[in-house]
Structure formats: C-alpha cells, structure tokens
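Let me begin by handing over the structure; questions about it come next.
Here the chain labels run A, B and C in written order, and each chain numbers its own residues starting at 1.
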Amino acid sequence: MSADPAETVPPAVPGARKHDPILVADGITRRFGGLVAVNVDHFEVERNKITALIGPNGAGKTTFFNLLTGFDKPDGGRSRFDGHEMADSSAHKVAKLGMVRTFQLTKALARLTVIENMRLGAANQRGERLWAGPFKFLWKHEEAEITARADALLERFKMDHMRDEFAGNLSGGQRKLLEMARALMTDPTLIMLDEPMAGVNPALKQSLLGHVKELKDEGRTVLFVEHDMDMVHEISDWVVVMAQGEIIAEGTAAQISGNQNVIDAYLGAHHDLDLGDAS
Amino acid sequence: MNWDLIFWNALYTAISAAAAGYCIIASGLNVHVGYTGLLNFGQAGFAAIGAYAFAIPIVAYGWAWYWALPLMLVCSVLLALALGLPTLRLRADYLAIVTIAVAEIIRLFLNSTRFTWLTGGTDGRNGWTTFFEDLNPIDNTARFDMGAQSIDGYRLFMMIVGWCLAALIATFIWALMRSPWGRVLKSIREDEDAARALGKNVLAYKMQSLVIGGVIGSIGGLWLSAQKQSAQTGEFATTLTFFAFLIIVLGGLGRVKGPIVGTIIFFFVIQFVDNVLEQATRTDNIPDWIVDSTNFGIVKNVVAGLSLALLVIFRPQGIFGDKREQVFDVR
Amino acid sequence: MGTDRRRARSVRILLAAFVSLLVVGAFPSATSAQTDDEAPQSVRGKVQNRFEEDGERVTEPVPDVRIVLEDAGTLIGEDVTDADGSYFIGLEQTGTFTVRIDVTTLPDGLEVAEEDEVQDVEVGGNQNVTRVFFLGEDTRNVQSKWSLLPQTLANGLKLAMIIAITSIGLSLIFGTTGLSNFSHGEMVTFGAFVAFVFNSDVGWHLIPAALAAVAVTGLLGAGFEKGLWGPLRRRSTSLTSMMIVSIGIALAMRYFFLYLFGGDLKAFQQYTLQRDPVSIGPIDLPPRTLFIIGASALVIVGVALFLLRTRFGKAIRAVSDNPALASSSGIDTDRVVLLVWILGGALAGLGGVFYGLEFGIKWDMGFTLLLLMFAAITLGGLGNPFGALLGSLVIGIFVELWTWIVPNANDLKTVGALGVLILVLLVRPQGLLGSKERIG
C-alpha cells in the first residue's frame, strides 16, 4: 500500500484521522466518583510511527494508558487494535494481541534474575502450561530458543553483564531498560511506554532514545507518555496533547510547540515545564 | 530431669510420621504463599477435607480406598475453586479473610452434633486405615530403638512412608517451580500487573496454584490422620494453618527444602520445650504459678505464635536463607 | 509540639501500657488458687420451673434436685442444684454422655416431661456444655415459629451492636494503615479479661472494672502502634508480612489467655443472672441487654459524630482516603494512626466487656468474633467505618436469623454469616458501601 506522501501527514487537529491507524479509540470515558478523569472523543495511532502522548500532571495520560491496555475498565467507549475489538478485554488478552506496555514505576520482578525476567516475556510458551511444567523434555528446546533470543536482546541493550543478577539489584535506569527489553520478548506490534525517561540518568537517556528509534526501524509502532520534551522533540513523529482528560491538540512536535491551547493548558496547570525549542 | 529421653523424644517427634504430614501440608502452603504470594490462612480446611473426604466414604459407605482417593482429590479441587472464584480477582486481604472463614466453617461442620452421623463427632472417624496396616511389612510387635526413644513397627513404617511421600511431593514441586510455569507464579508473587502486561492470564495461574497447593495440603491432612489411624476434628483447627506458616517461614518461603527443614526444626523445638516443661512440672522443678501440669502444654502455642511474628519481622528469609531471596519485602 | 515532649509522652504511654500488662499478668496466679474447679470440661445448667401466672410467664429456679451424668449407663458425675437451680459437673474426659434428672428428688407437685428426663450431651475438649431442665408447662413448643421472630431479631440486634463497636476499630485501622489486623479479636478478649480481673479478683464493681478495661485496652492499642506497627511501617514492611505478624501475635495472645485463665467459660460478678426480663411487646430482654444495646448505640453515634464533625475525625477520614495527600496537606499521619489505635483498642475493650456479659468470657471468644467482624467490614466495604456499621447490622442479625431458619443449629451459628460474606464477594466485591477503586 504505497501512499501519496501528502496523504500520510494528517491534519493537526485533535482526533485527527490517520492514514493507517493501528489503534483507534472512540468515546473513551472514565470517571472516579464525580471527577471525569478521561474523556477522549476520538484517538488514532498511526502504524509504524512513534507517537508521543504529553500533557500536564493529572491530565489523565496514565489513566488513558490503563484504559487502552485493559488495566482499567472504561465507563464508556470502545477501541479497536489491529482489527480486533478491544471492548472489555482483560489486560493479558490485550498483551497477547501484540499491544504491550511498560509502567511509569518500573515493575522489574525483583527476586527473579535478569535472564528469568527476560524469559518470562516470551509469549505462548508450552512450558507455562501446568501439565507440561514438570516434564522438562517437553519445553527444553523451546526454553533454549527463548534464552538465545533473550541473550541477544540483553546484548543489544548492553545488559548482558547483568544477566544473572537479581533484577532487584539493578539501578532505576537499568530497570527501565530491562522492562523495555522484556516487553520486546513478547514481540509486540505496538509498544506503549509510560514515561520511559523518568528517573534515568543522562548517559543512559541517549541509548534509550536509540533503542526506541530502533523499534520503529524494526517495523513496530510506539506510543509513549513523556514529560521530557527533548525526547519528545527528538524522536516522535506525532504528538498528542492531553489536558483534563481530553485531547486538546495533535500535530508534529514543531506544530505543537507553537499551539496556544497547549501553552495555556500547561500554564493553567501551573506547570513550569520547559516546552523546548522547535529546532 | 531425663535429658536423654527429652532429647531423643524431641528428635523422634521431629521426624515422626505426624511431622511428615505437617511437612506435606506446609509444602502445599508454600506453593501458595512462598511461590505465588497467595495468602491462604485456611490450609487447615484443605487438610480436613483430605482426611474426612477419604475416611467417610470408606467407613460410612464401604468404599474401597482407590475410589475414596479420587473423591478426596475432587473435593479438594472444588474447595480451591470455591475459595478462589470470589477472591482471586481482589486484593490479597480478601483471600486471607475468606480462607480463614471457610476453614472455620469446615471445622464447625465437622464438630457439629448435627453431623455426628457423618463425621463421628468428637470421636472422629476410625477404622479406615486397614489397608495401610496391611501394607506394613515390618513386624508391628517389634520395638525399634532411637536413642532413648523406642517405637513400634507400624510407627516406623508410617514414618518411612510418610517422609518418602514428603520427598516425592518436594520433588514434584521442585520440577514445577523450575519450569516456565513456576516462573510465571513467581512473577505473580513479585508483581502481578507486570505478569499481566506480558500476556499472562494471572487469574488462571493463581487458581492453578491454589488447586495444586490445596490438593497437596489435603494429601498432608490425609496422611496426618492416617498415621494416627483416626480422623480427629481437633487436628484441623486454625492453629494447624499457623504452624504450617511457621514451618515455611522457618525453612524459608519459596524454597523446595523449606518445609522439610522447617518441620524438623519446628517439631524438635516445640517438643523439646514441651518435654522440659512436662518433666519440670512433674518433678516440681518449676513453681506452679509459672506453669503446672494443666497448662504447660499451652506454652508451645504461645512460643509458636511469638516465633512466627518475630521471624517475619527479623528473619523473613528463614533461618538459613539468603537475605536477597527473602520472599516478603522488608527493606 | 516539640519532639522531646512528644517522645516523653509516648514513653509514658508505653510505660503505662506495660504496667497495666504486668498488673493483668500478676493477678491470675491468685485466681487459679481460688477457683477449686479446674476440670477442663464441664456440663452445667439449671433446673427451672416454668408456669403462667396472671397471664405472665414466670421462670423459677428449683433447688436440691439431683442431676447425674452417665456414660452408657455408668455414673461418671453428679451434682445437686443450688439455690439458683444451677448444677455443675466437672469432667476430665470428653465424649457423648447423657444427663439425667433424678425424678425422685423433685419437690412434690413438680414433674418433668418424660421425654425431657434424659438429655444427650456431647462434650468436646475444653467445652462447657449447658443443659437446662424445664419442669411444669413447657411453653417452648407452644410458641409458633413466627412468634419467635421478634425475639430472634432482638437477639440479632444485640450481637450486631457488639460486632459494630468492635469492628469500627478494625475498619479504621485498615483504612488508615492498610493492615488487616488479625489480632483485633484478641484485643476484644483482652478487654473482657481485664474487666474480669478487676471485677472478680480485685473486687471492683463491674462498671468501674469495665471503664478500666476500656482504658487499658486503649493503652494496649497505643502500645501495639508505638511498639510494633509504627516501627514496622517505618521499615516499609510489606502489608503481607504485617498480616502474618498479626496472625502470630493473635495466636500467642490467644493461647496466653488460655494459659492464664484456663479454658472454661467465666462470668462477671454482677448483672449475669437477671431473672426479670423487660418485656417490650413480644420481646423479652434482660435489663443488661437493653443497656448494652442502648449504650452501644450511643457509642456508635458518638464515634460517627466524632468522625464527621471533629478535626481529628476529619483527619482520620482524610488519611483513610489518601494517606499521601493527607500527609502532604499537613496532617500528622502518625498521630492520626496512633489515635485510631487507641480508639479502636478502647472500643474493642468495651465490646469485649459487653460480649462477656452476654455470652461469657472465654479465651477464644475474640477469634469467633474476629471472623464476624471481618465478615461485617468486608460486607460493608473494607476501610469504610460506616460500611462496617451496616455490615455489622446485617451479620449480627443474620447469625441469629440463621438459627431461626435452621432449627437446632446453634453450633453452626456463624456458618450462615460467613456464607453471606462469600456470596457478597462474588456479587459485589467492593461491599455494600465500598467504592470500586479500593479492591484493585
């Protein structure tokens, strides 16, 4: 499907239609008591692009993430991922379909080793069935393949030297890397990163950026929540801005940084975030 | 004081057939608490089902043991489902509360005079262990000496078979926990949202864990009664669950050898304390206002409770455990 | 407030708790010497004459009647009823026996119905079984099931009130700290025994003894928070670990009570035997029960007003809603939690005294009550004190109603309530008043 380049740049309006959306959400709402945390009319994520989801604190970004990935149930609305209806899908089913997320507060499995964390990521393992578990010959080969794949990924993320450490002994940045690598073990089509840069030291940041770009080169789609505007500018193809539970702007990073709505939203929230230069 | 007898009797108790039963019950609990992070406070209920669902059809309805055994296993699985369905979606407290409540319900039913015709009431259920007795190749009238402690042939036989059973179950658990299946359980223990985000059906795994650990607990309960040749309701009070907790915390949660090591330490210490107090009260070495012959037996329960609390606070990794591997977060 | 002064104050509280523990610990040695009957089991009860006089039912004790306990025809114990009509037969063994009334010793003109002459009795370990013999007209079977309903509901209300005042503390502790405190039942038992010691051993009247028990149990709560749970929270101990610790503490305390006081059912010196019930329509309640219901209702209203109106109460609710937010908005979370422990302890102590008055004091009474308390607060919605009240009402009434629906099911009383708990979790896991977010 070769498209006219002009067609591939959607208009810079909230809820813009994309040329080839992998994820489409309609009318997603979530209320906590009287507070409307999320109220998104229409939202699309373009396939094989890096989309950033930004917004001031409390804008509902993480809640929206949870709703899309089945970790929370919306009060209304529906979403479609890669042709599958996602209504009321539980989190593990969402992940099995190829939409895998990471968490803002990393969930490294502290008392498993790094390599065990990685192996866990692999999908559809026969050895994970109860009946096959006690019989090693049933899953020995599969396990060897998984381990090889895990080792390759660890090498790519330059974590091979930590292979047999307990994940609990890793630094914050290393945990972020591990979580991303572990998510890749599932071979996702859409990977959703919740604040991948939070708490990561500057040296690691650059390599993390590189890894995210590589994901796109591999043909995957990336959707990430981020506060670090440098990262947003550097890697995202498209930026979606949320405030008070709604999408208030969409566009390329350059278009967004001049958008008055966005500036108002941040200032209105008394947020002294550096919006960066559209260089 | 006869220290020789005190020591050998405590040692015998630590490796007796009853201890093997406790070890198996604790092994099941270890699958729940140590590997999956499920807080089951009602393991005594599984144990009771194991004994009674086996004994009742044999005594009351004349079933053969090879029919009673599958019935017992089915009952145990059903109990696990009944506990798990309402609670496993919810936070950990709910499982804890419901399991302790259901174990109490089971105990109340067993004790109830309305069901004496079925359960035998406080007399318990007897006469269902003949096939164990027939299996025994060791001369029942012979005496076997273990230091100052001497035991009969049946006890020796049940002790050996009991620990073989415990070892078999430990091996089974080891094989399960080194597998990718076990890895998923451990990941749920660490952080179930992470497991969910990786596409694991956490609810199904928790349920499988509850069933496996529960069935093992039932086998342990069956053994506990079989070695006694009688199913007694008093055996399955809530204290059984908490002794099992103490055993796995002592031996190290989430370790295959944990229940075995824990059982031996637990029963040795408890029986030692009990023996010392018993002799001391009998020979008046200890003033009556501290303990007398009517209440020395209670002291071991107080000791057990305090030990459980202190161990979890100060040595959650168990007596021999490595601090890094402790299952509960105590930073 | 300076930290030094605060520290000095907490040291005093700890010290006071410790001293009161010592006081409580020191007395029972005297008790065991006084009580002559140390049999682990017993069969006890009364012989009563029932008749109608001027349209009112009257119950009268019958003294000097011989009661014998037999095991398959062999005599194993006997007693003669005292002025209260009470008898007591201590037992070393357990099992199923028969209690028989010796009809030859009955006063002239009194008879016992033939089917009531012999009663079966099953005695388990450390059990005290009660068998009452009624002479004269037996009004029990005359009453229809429906006419018994109001009395059943009144009994349920009584139990509900006791569950309510004890479970508020459990609920508040859960709300503010996240801890499911499995040793809360033992705080109830503790309160009952403190009152018992002051009442029976020191010789105080029950009312000051009860007040002392409330104060000492409140101090015990403070001691737990200061000496155990507070430090554990500061070490970031996981809630799972804390739950297991609370189980260990519960086990140790429960058996410590058994060790100190023995396994038999104890009673307070005053108000235990009230022979003239107050009749309200079809309901007969002894004055003490009316008092318990009224006093509990007052306490509950007081606690509710405290939570809704006072600064401290609002602080407690703020911490329950969101500890992080509360502490960032200047609320001293540790002080709030300490207050909750004192309040929860005091209420547990009061509940223990009430429960002891109604059902007798026993080493494991708290554990029985704990399950009902958990059922109540889970039913109402974990962490919501008003939910705890509603849940208590449902559970208390259901426990009694169960015996009304299923006859002769006294030993299965709590089963129905625990069954309700499981059903509610299936249908509405957040409880009646809980919010969905809490259960995730």
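Side notes on the structure shown:
The rule we apply is simple: a residue touches a chain if its C-beta (ideal position, glycine included) is under 8 Å from a C-beta of that chain, and two chains touch if they have at least 3 such contacts.
This one's a predicted model, so the numbers in the text were calculated from it and none came from an experiment.
In this assembly, the chain whose C-alpha centre lies farthest from chain B is A. Of all chains shown, B has the CA centroid lying nearest to the centroid of every protein CA atom.
Put simply, the C-alpha centre of chain B and that of chain C have 30 angstrom between them. For this pair, chain A with chain B, the centres built from the Cα atoms lie 45 Å apart.
In this assembly, the C-alpha centroid of chain A lies 54 Å from the C-alpha centroid of chain C. Chain C meets chain B in the complex at residues 29, 32, 38, 40, 94-96, 122-125, 174, 180, 182, 232, 235-241, 243-256, 258-259, 262, 367, 371, 374-375, 378, 382, 408-409, 411-412, 414-415, 418-419, 421-422, 425-426, 429, 439-440. Touching chain B in their complex are the following residues of chain A: 69, 71, 90-93, 95-96, 100-103, 107-112, 116, 119-121, 123, 125, 127-130, 132-136, 139, 143, 166, 168-169, 182-183, 185-186. By the touch criterion stated above, chain B contacts chain A in their complex at residues 172, 175-176, 178-184, 186-187, 190-191, 193-202, 208, 212, 324-327. Listed in rising order, the residues of chain B touching chain C in the complex are 37, 39, 41, 82, 85-87, 89-94, 96-98, 100-102, 104-105, 108-109, 111-114, 116, 121-123, 233-234, 238-239, 242, 245-246, 249, 289, 291, 294-295, 298-299, 301-310, 312-313, 316, 328-331.
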